[in-house]
Amino acid sequence: MATEPLLMARGLVKRYGRVTALDHADFDLYPGEILAVIGDNGAGKSSLIKAISGAVRPDEGEIRLEGQPINFHSPMEARKAGIETVYQNLALSPALSIADNMFLGREIRKPGFMGKVMRKLDHSAMEKMARQKLTELGLMTIQNINQAVETLSGGQRQGVAVARAAAFGSKVIILDEPTAALGVKESRRVLELILDVRSRGIPIVLISHNMPHVFEVADRIHIHRLGRRLTVINPKEYTMSDAVAFMTGAKSVPTEPVAA
Amino acid sequence: MATEPLLMARGLVKRYGRVTALDHADFDLYPGEILAVIGDNGAGKSSLIKAISGAVRPDEGEIRLEGQPINFHSPMEARKAGIETVYQNLALSPALSIADNMFLGREIRKPGFMGKVMRKLDHSAMEKMARQKLTELGLMTIQNINQAVETLSGGQRQGVAVARAAAFGSKVIILDEPTAALGVKESRRVLELILDVRSRGIPIVLISHNMPHVFEVADRIHIHRLGRRLTVINPKEYTMSDAVAFMTGAKSVPTEPVAA
Amino acid sequence: MSEPTAASPHHDYEKVLKDSSTDVASFDTDDKSFLQKFRHFLHSSPSAVSLIVLVLSLVIFGALLGTKFFSAFSLTLILQQVAITGIVGAAQTLVIMTAGIDLSVGAIMVLSSVVMGQFVFRYGLPVELAILCGFAVGAICGFINGWLVARMKLPPFIVTLGMWQIVLATNFLYSANETIRAQEIETTAPLLQLFGDTFRIGGAVFTYGVIAMVLLVAFLWYVLNHTPWGRHLYAVGDDPEAAELSGVNVKRMLISVYVLSGIICALAGWALIGRIGSVSPTAGQFANIESITAVVIGGISLFGGRGSVLGMMFGALIVGVFSLGLRLLGTDVQWTYLLIGVLIIVAVAIDQWIRKAAG
Amino acid sequence: MSEPTAASPHHDYEKVLKDSSTDVASFDTDDKSFLQKFRHFLHSSPSAVSLIVLVLSLVIFGALLGTKFFSAFSLTLILQQVAITGIVGAAQTLVIMTAGIDLSVGAIMVLSSVVMGQFVFRYGLPVELAILCGFAVGAICGFINGWLVARMKLPPFIVTLGMWQIVLATNFLYSANETIRAQEIETTAPLLQLFGDTFRIGGAVFTYGVIAMVLLVAFLWYVLNHTPWGRHLYAVGDDPEAAELSGVNVKRMLISVYVLSGIICALAGWALIGRIGSVSPTAGQFANIESITAVVIGGISLFGGRGSVLGMMFGALIVGVFSLGLRLLGTDVQWTYLLIGVLIIVAVAIDQWIRKAAG
Amino acid sequence: ADVSACLITKTDTNPFFVKMKEGATAKAKELGVNLKSYAGKIDGDSESQVAAIETCIADGAKGILIAASDTKGIVPNVKKARDAGLLVIALDTPLEPIDSADMTFATDNLLAGKLIGQWAKETLGDKAADAKVAFLDLTPSQPSVDVLRDQGFMMGFGIDPKDPNKIGDEDDKRVVGHDITNGNEEGGRTAMENLLQKDPTINVVHTINEPAAAGAYEALKAVGREKDVLIVSVDGGCPGVKNVADGVIGATSQQYPLQMAALGIEAIKKFADSGEKPKPTEGKNFFDTGVTLVTDKPVSGVKSIDTKEGLGKCWG
């Protein structure tokens, strides 16, 4: 991949009082690839993608999308620019139903006068589509599609968030530990979904602690350590043991140019 | 194990409006064992352990601890009876510090007059102990022990909850997906911790979606499906594939007596 | 998306998944009894509970007082007495749904009514224009509230507490506390008294103010439940951060809510002229506490994101029923106050109890 | 616990973990500048921000009014004027920390003071006993509030709104609206006026009421930050469900908070006799709104779990400074109210701004 | 101006006090007195008045004019001011005991009540014997003006008030009931509606003040009874007198706030200049600023003026 990165960040710094979450971190995502981001708990992975997707504003550093410097003030702007994110804390509205959550900000309205002038929602269309997306993810234990999200099990909730991101295909999809709470079957479906999205040409950022999954789907692996990018490796050239050794500091990284 | 179960439940039912979370579920935990509970997302695993630990009250069914029927009105009562639980949603107070959370309800007070009469907390003792417990779990990225829990990364938070349960050894420890958000290193430490606790003679209930981990540490595996116990298997007699096939309904269970 | 398109799973055990069950879970609910259907109904329509409490209190006072209370006339009188609170309560509902609170509703209402009146009588504006100006004033006050809450991130309690004092003082400074008498309004600008006009259906007496309240509540019910804006409002109140992350423009929502609240308060101001006949700067002192009470009795959470505007209306009516009922029972004013205090608590307790039983 | 004791990991890659780094993460913070140290200070002591706003407002009014304002006498007068609000605010702080609200504080305060007075003058009880009875009444009212909130799970707003009316009406019914005059108290039961007694240090005039407020706030600061009960209070306000699951007896905590709040209100009632000299059943109508204002200006979240009781005291003082300052400036009452409205908002805005800058 | 004075009113919302303030300000300007005015937030807000007194002392004022919200409770603070050498004059509402202030300039509120009571009785003639009377009072705490007017009306009308210091203890069948209005239109309307519901045959209404009377009228109008019910009130503000002319109110007892204020300022000025304190009206323990019945339907035995004359003397 000698092309230009689609999404690029250089020297990102984010401090919270006495805590340093990002310490001059770099980041590159190339078109059409699956980039995995791995690292210890608290290494700064979530902070990195929050900075990229406009959810927090970095103290220093610059971000470029398709070569253009960007400066998102809110996740909405990032989304408008085509960056769709599933945050680790899921960002669902607890009291709203599954369907309401999936379509928040992109509601389907009734056709004709009722929808255009009266702005009436098409509840049944949204419910149908929500049920379909959940079935695609294998979430068969959800009995009532109008259940409030706060009453869902941990994994069901995560499924809803992932289904939402997948349903609204866009320029980049960022998934922060999308399978952490998922069961065996549901996790597998998410992996399939990721591959499916890539086959539509959309690049994906996947944060995960699951090494077999990472090595199964990733094209490149960004290893994050102590708030910065330690290195990027090609999963075909390194073993899982290498990756884990790098990310935990058990082994130091060979000084070679970053894989691209 | 022909002994009596330490903790036993029969015919537990829990309904939420139109949703059935537990549908006549049974449960047995024997002294000194590690019992894994596996099942699809939404199968009712968390509901089961919430019923057992007093966090929700079942609509039907009975629970016995050491042969005696019990009827907890609150998690506190369960805790007093020696059942320590890490809930899936972690049950931490977001605005309180790590140390405050770890010692909530079991604070260390200063020695002498200040502690006894003035009830003064020994902040430094608690901070020291909290740091030590986190180090044991390999959570080395926590920079500031007085950080509010809400500012921790997903995995760091989970680490705090697990460290708390482990620190206060008791009669039964229940862990609901304790490693879901944890990194490779941190997960491994939790597994070590679990084995360590068993070696102290304390039985553990471990809910997890991670089959290799489950098969590595469990003595018996309780498979939950659609709100009830489908079967209990011995990990030495079945493969991971069998377990996954049972729990997802891909294969039906041979009609044999439940393993004990 | 059906089979993996590229890599194959690392773990063997994942291969068995292709055979896994694909039915959506369902259970024999044996939910056929009337009671259980009723429970579901209560569960899915939160305002039904306040309605039950309302009906209960009507029945009790009806039994105690007979036709003196249980007449078309008395019952519609209650409607008239709560119309203003109901309208202001609608504004309050919107704000409280966002986890805010609006202490300035009463002040905005009065300032708007004073502007409507003074613009006719002091500056000789046509009454329609004066009314529009009143609405504009309401909207501006609401906008300032909303801007301070959304942009400056100040707590709504403080913002609207400050605005309450500011608007009241502005009102007094502007109007010099002059009352415009009913008789003058009647001859010069009867449109100002529109909402006080009545029509009868049998013994029942309705004012247009009552109709305005009912239509407003129905309209807001529709907006909250059947339009994107309504869903966004719930989301913002529920968890603003999550709403922001899922793509709701939280700031714009908040500002629009406070502006709308201001406009509704102006409507209440107009209705107030109808009710008291005159334009008086001293009215509406307790509108904020009364509207908040209606909202809370109606089962709407002060922490935002939950509840129904219908509940608010029932809440207002419950207080209205108690007040009139107790006065008719002839209790001393002090005893009335005491009993209203008790009954507010009891009403909410019954509400909670029904919700729990329906759980 | 160091090496796995039994099984060995399924995955090879986990074997490398034994070499992983064991240092706690640390970064070059280059936080050596004064500014940054100051930021950390603000960050770690939330009440410092309100203190800064307080000092700023003192300086501004001092500059405008000179020695008329900036004298020991005037400054201690402010303390006297806010003492009651500060004491009631302490009660309010506790309740708000639990994500509750107490609208009945003022009513409880007045009822307690009436009981203290009437028990001496109507029943001839020894004054010490009458005072104890006043405290008991406060505690009972608080207990009822707490019981309804904790056991019946009713919203605090409604419970205390109801109690407010009930206590107020009880008070009027019981006292028959009789004021006990200062002269009578002075001769028969001077202990009731204790907190009104003054002592001087130079030009500064302190009442024991002021001392009571300061000691109470200091005591609560200690309790909240340095005892288990205090930590539990924060936990309950933060997330009651999480607190319950981690083993805090949430119901008992809530009840104890409301009881304590009732007792503090009784103390305020005693101090009130000192301040106004007499026992008057109509006092304290705004105590609830004023105490909530002090709490919120002091940076305490109405959603519970966050803030410091010191902040509340500074919040009360900020309002006191504005009020006296504006009155001394001789602005018209309405302008004073308007400006107090503006200044309340500005004070909180500055507070937010400093917090953000310190972020 | 080196003489400074304070005016402390109950509220700044009641036109009565607005006028009082205007009168005081005008007089102060004329005499070169430096006047600062304060007011409570609502009727009954005594704490604001206490704080105002303290401010006046700190400010070095020579005298205070106060319309007290809590007529007994404020006494110790008034004493503090007097001890500090200030002249304290009660306006409109006497303190209890009345000599707690250096002097009181007020309407004779009992007389104001008696006048409208007598007028109503005479107007009804024989029908007074089986009249149905509603009382629209002020606030639940029964402040002195409220009690004096309410019980004064009863005395004038021929109802035994029982304890004249207490509202609500009378047992005359003609009394339908009491309700409170907070002295404004909204409260007046609701209270009237409630009492009408209790007894739809009400034909006489006593109101604490004219805003309350205007509200009561709206309630009567809504049920078509505005023509056959007598409303009486106290105040004599311009809107109120116009309401008498329009037949909304039958008769009102007019009071003179501008005069109270002007006299008060003069007294402080005089006190500052010469140390001389004002004297009460002959035979009374306060300075009576006068009260006049305003009606267009005079009755024999009760002195009154018509609305044209009333408009000439009205305020607000």
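To keep things simple, chains are lettered A, B, C, D and E as they appear, and every chain counts its residues starting from 1.
Operating definition for what follows: contacts are C-beta pairs under 8 Å (C-beta built on N, C-alpha and C of every residue); 3 or more make two chains touch, one makes a residue touch a chain.
These are the chains along with the protein names UniProt gives them: A, B = Fructose transport system ATP-binding protein; C, D = Fructose transport system permease protein.
All of these numbers come straight from a predicted model, not from anything done at the bench.
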Which contact partners do chain B and chain E have in common? C, D
Farthest chain from chain C by C-alpha centroid distance is chain B
Chain C to chain D: how many Å between their CA centres? 30
What is the distance in Å between the mean C-alpha positions of chain C and chain E? 37
Go ahead and note the Å separation of the Cα centroids belonging to chain A and chain E. 72
Rounded Å distance between chain A and chain D, as computed from the means of their C-alpha atoms: 44
Check: chain B positions touching at least 2 other chains come out as 17-18, 20, 42, 89, 140-143, 184-185, 211-212, 226, 244, 248
Can you pull out the residues of chain C that are in contact with at least two other chains? 11, 13-14, 17, 20-21, 25, 27, 172, 334, 337
Please list all residues of chain E that touch 2 or more other chains. 12, 42, 140
Contacting chain pairs - touch in the sense defined above: A-B, A-C, A-D, B-C, B-D, C-D, C-E, D-E
For a test of understanding, state which residues of chain A touch chain B in their complex under the given definition. 16-20, 39-43, 46, 88-89, 139-144, 147, 151-156, 158-159, 177, 180-187, 209, 211, 226, 244, 247-248
Within their complex, state which residues of chain E touch chain D. 12, 36-39, 41-42, 44-47, 50-52, 54-55, 58-59, 69-70, 72-77, 79, 96, 140-142, 166
Touching residues on chain A, where the partner in the complex is chain D: 17-18, 20, 23, 42, 211-212, 226-227, 239-241, 243-245, 248-251
Taking the touch rule as given, give the residues of chain C at its contact with chain A in the complex, in rising order. 1-11, 13-14, 17, 20-27, 226-229, 231-232, 234-235, 238-239, 241-249, 305-306
Chain C contacts chain D in the complex at 99, 148, 152-155, 157-159, 161-166, 168-170, 172-173, 289, 292-293, 296-297, 301-303, 334-335, 337-338, 340-342, 344-345, 348-349, 352
